[in-house]
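Letters A, B, C and D name the chains as they come in the text, with residue numbers starting at 1 for each one.
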């Protein structure tokens, strides 16, 4: 009983509970026959939100006002550049990955340069950068869908022991992110900066360095997600990232990460990403339209933040 | 008569004759913030036509009693009556309706609004069409009365005014009359940013106001002002009133004596050491005397609170740290006094709050060595007696004093050769203080330098050398035997006394 | 109104200057714009943006941020193009109701001490959903009076200019001159001192949100009047436009420092920046990126001017 | 003679391969026309975001820039009417295509989107006389084309009642979104006989169905190269049969020539219809060969084609 009480106080519980309820409601439609397929699909598609969400979580952990709106266009540009470089050639997989990563680093550097040097609020700085990055994506190959190398296409769509490969990658990244946050000095630093910048400064933490690296990390994860998504869906499309703008913020918030910064939560992102996929599936399964679906999503976000995040004055 | 029009209640007060009742009376008020007893049974009555001067050391509870009288803080125990009737539900609204006004210690105007607009905020019933004109009249009249020739344009925003001008506006605002006339005006360190001329203008007005039957509570660290203006002086110490006499019965010396800390045992006094040959490890040149600290030295920063000591510490810190790259070997460590602002990380456990300062030593290729971290924390928990069952508890579960100890341990456990301390002993109990003093003494002996700002005289007297601050600059340097309470107070108050 | 050397005047000077520079550049590129019709064409779509910017500014005045502005304006546009025309009474009731919802959001945010960013993010989904339910496909028609109002051709100055001036003046009176405006900005500047003077901060925040709702409703109605029909996605970009408009106009994210006249100028500047870019005839590939670049340039200009101002003051 | 006339293209979105193909066709055809001196200029403009308000501003700018004709792919059929009316009042010829506008003063080169939806069901009824369950993939919620095609599909289902729509998802005309939405609903669906689509989403659906290891239904394609290629592979491997239908991006060039003809003083009916581009089992290879890798099957129009279309409408 004590244990139960303790778990219910964990911020990630809410997203996991919500995901489970929705999963259950969906499989009940077919009397449980769809359990395996639905779970597998959920894991596959949640994987992309998880990768992007983790990056966004690191940025949001930096404290109020920190947010990266350039995630979608970074995904698009990284996917486009990588597929263009690889030209369906299996031998070019690694260079493709490298170019995607370099794209991420570049976007992250520009983001933080604007925030720091021009003192533009992150929300506007990253938005401006996203426009420029989007233009760069259009300019590079004008929206042609180049196919991914066959090995990558097969790899991203295949399963290992019934678990989708992309979900395994997301798991590896999650473990890495969790390790960074919980076990390393860098994790302590971002959490400290997010709780109080002046206190972090006085504790001798290199505040700017920490924030700089975090913005880069977020952009690199977005690039990686773009690379994988482009391979998974058979080519980079100019609009392939747009879904992940609100998604990346929503999974972080629903996952129990404090919007006021300082407190991040990797397991919560899994719950929230699964939930975001499953809730659409459920509402589609029940034949509900786009309108109801949006309203429910909004109400759920507000309820979760009220239950988990609010504190009385 | 002009005077009667200015102070409309004066006739009413005199009509009641000798049977004067207190405007506000606080009986046996107790307030505590966690473990800190800010008020420990305070009884205070303010009569019409008197100016009560309140003095006491930093943190004595002066501002807290002000908040109680002002209605902003409900005491956890005790009751409040006004004009002879006991008020069960006393609050800001009730207090204001009874003519209680307050000038707070910290800026309490909205910096983004103009002087006129701030007047509007303060006077709730100034509204209606054309309020701007009325508000302007109200505040300008009051400013003219209190500070003739002030030269403040009332349609400038407060953020653009100088500190002194802001303080003038706040004071004038408290004395202004827009419907409900002020009867009791509380001034919490109102002259801290005014020069002698302006302060004298204000004090003159306070005297006239009191003569006309108004009441004032006047808090100041500048004893001269209190002695010349107050009709009664109350001395507070550790949340209690320890003396309450008519002001003619006080002298500057007796006030200092009654608020001064316990006479320190000679045991605390550190042996005079010869540091002439030690190398200088930190140096800062600013307005006033230059600042220097030598290896193994304990340098005190003294003077009244808020006269630039903290800023100096921040500057020393900024000069030795980088915002972009972590230094391999930290050269300074910092103990915060303002815990909330730049000390604790509220979401974290005690353990993490402790170790963040010395993580460099506790990590192996960037990975935190949890066992070593725990070992060191446990060691320090024992050494300075942090009262908690579990170091994994949240830092906020600790009492303020214990939080402060954690911050202390954070800095002392680093290998930095210089430790900057910003009044680090707030809320730390006596026994622990002695232990910390002992640690400081040992570490100084083994070559560590301490720069120590303290508002507690006892601590300042432990230093090898003391810089006294006034108005953002170092005005005096005391060394060895010259470091005495009397000397420091004398230098600190010199500006005001002149 | 005495405009002495005050922070407000300086704060206005910077956006006014950038608008003037931009306008001069547009006139130079396209002299045809220098006419009654030309000015109207340049600026009439700025009218709803200006209204939305004022709404966002009210929320920012109490140190909050509204991420649902765009979807809310879209939703209002859908209501205005359907109910407000077909059943004016019901339409009016709905619009009054959503203004109430806005005030309620302010209350909830204050009472539970929630981050406004997340609550408004959630609300943006709700408004979008309602709008899609109302108008699954674009359509509807504005009430005739709205159309007449928005296409009126007053003498001397085009409607767009007159409307912008009226909006700026009304918002200025409301936010800068009225008691309520003072209170709202006071909450942004120093919540504690407002509380100490005996005001209810809760009521002030609710009022700020409610007023923001009113301006956003007006933005939706004005928008339908210009476009002649609505759809669920019609004003999505207003969220970021309105934030950028407030910032360009000299407002700040925290501290209650806002300027309604500046905000309207900011909205006009953003609209004009778009025209400027299309007159420049940039290659289609880079047209999107140029919008980002111009945002950065204008904000950098702001920083530069603020620095100069600071230096002047320090002298 | 139109050699002194200037024509502008107002485009509301550039974020997918169809739009990019449309812009490329425009560039190619109008570039030649300008070089040949048929018109003085033919500039393309795209808005940063897919928003009617931004496009309305763009049109207003074009009025100021003094273009003689505006060729328009509209973000909304009605929300641009105000701006279009202003253009007409300024004496500018407005020709809308693909995303058409309802303002009466403008010309419309329309595709019968309803028929496009209905014909899909008709095709399926021929292939699957016994009927079955259909999965409908819709476009972007709240957009006109989505509503039209969907209405056509539902009309078709009414006409051929042996079909039943078992599930409906929004794929936003994007392969990855469609893939995700289909994968989500698929586990709870019964056996699917056919997938009706709106274009740009067929390949995503195929991938999701293949990943779920379900029997491949007849997926109506939308002329994208990846869709056609997949279809060709399936055809070679197991004789898979379907059809593909969409509007050709090159219709922008038809609109250009129509505008030119109007400027030239020709009398043109306000409503013109272009057939959608349909690819069937027998002409698949030929179309695939003509389609750029990663692009969309396309037809570009010449001046004579436009004249023919105009004559046919009379």
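What we mean here is this: a contact is a pair of C-beta atoms (placed from the backbone, for glycine too) under 8 Å apart; a residue touches a chain by one contact, two chains touch by 3 or more.
Quick caveat, the model's predicted, so the values are computed rather than measured.
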item: Chain pair with the higher count of C-beta pairs in contact (A-D, A-B); value: A-D
item: Interchain centroid distance [CA atoms averaged], chain A/chain B, Å; value: 47
item: Whole-Å gap between the CA centroids of chain A and chain D; value: 32
item: Between chain B and chain D, centroid-to-centroid distance (C-alpha), Å; value: 72
item: Interchain centroid distance [CA atoms averaged], chain B/chain C, Å; value: 43
item: Interface hub residues of chain B, defined as touching at least two other chains; value: none
item: Sequence positions of chain C contacting 2 or more other chains; value: 131-132, 136, 287-288, 291
item: Junction residues of chain D, two or more chains touched; value: 14, 23, 48, 141-142
item: Touching pairs among all chains present in the structure; value: A-B, A-C, A-D, B-C, C-D
item: Complex contact set, residues of chain B against chain A; value: 317, 321-327, 330, 332-334, 336, 341-348, 352, 356-357, 359-360, 363, 366-368, 370, 410
item: Contact footprint of chain C on chain D as seen in their complex; value: 11, 14, 23, 43-54, 56-58, 60-66, 76-83, 86, 90, 140-144, 146-148
item: Interface residues, chain B side, partner chain C - complex; value: 70, 72, 92-93, 96, 102, 104, 107-114, 117-118, 120-122, 124, 126-127, 131-132, 153, 155-157, 159-160
item: Of chain C, residues touching chain D in the complex; value: 30, 32-33, 37-38, 41-42, 44-45, 48, 131-132, 135-140, 151, 223, 226-237, 271, 274-275, 278-279, 281, 284, 287-288, 291
item: Sites on chain A touched by chain D in the complex; value: 26-27, 29-30, 34-35, 37-38, 41-42, 44-45, 131, 138, 141-147, 157, 229, 232-235, 237-240, 242-243, 277-278, 280-281, 284-285, 287, 289-291
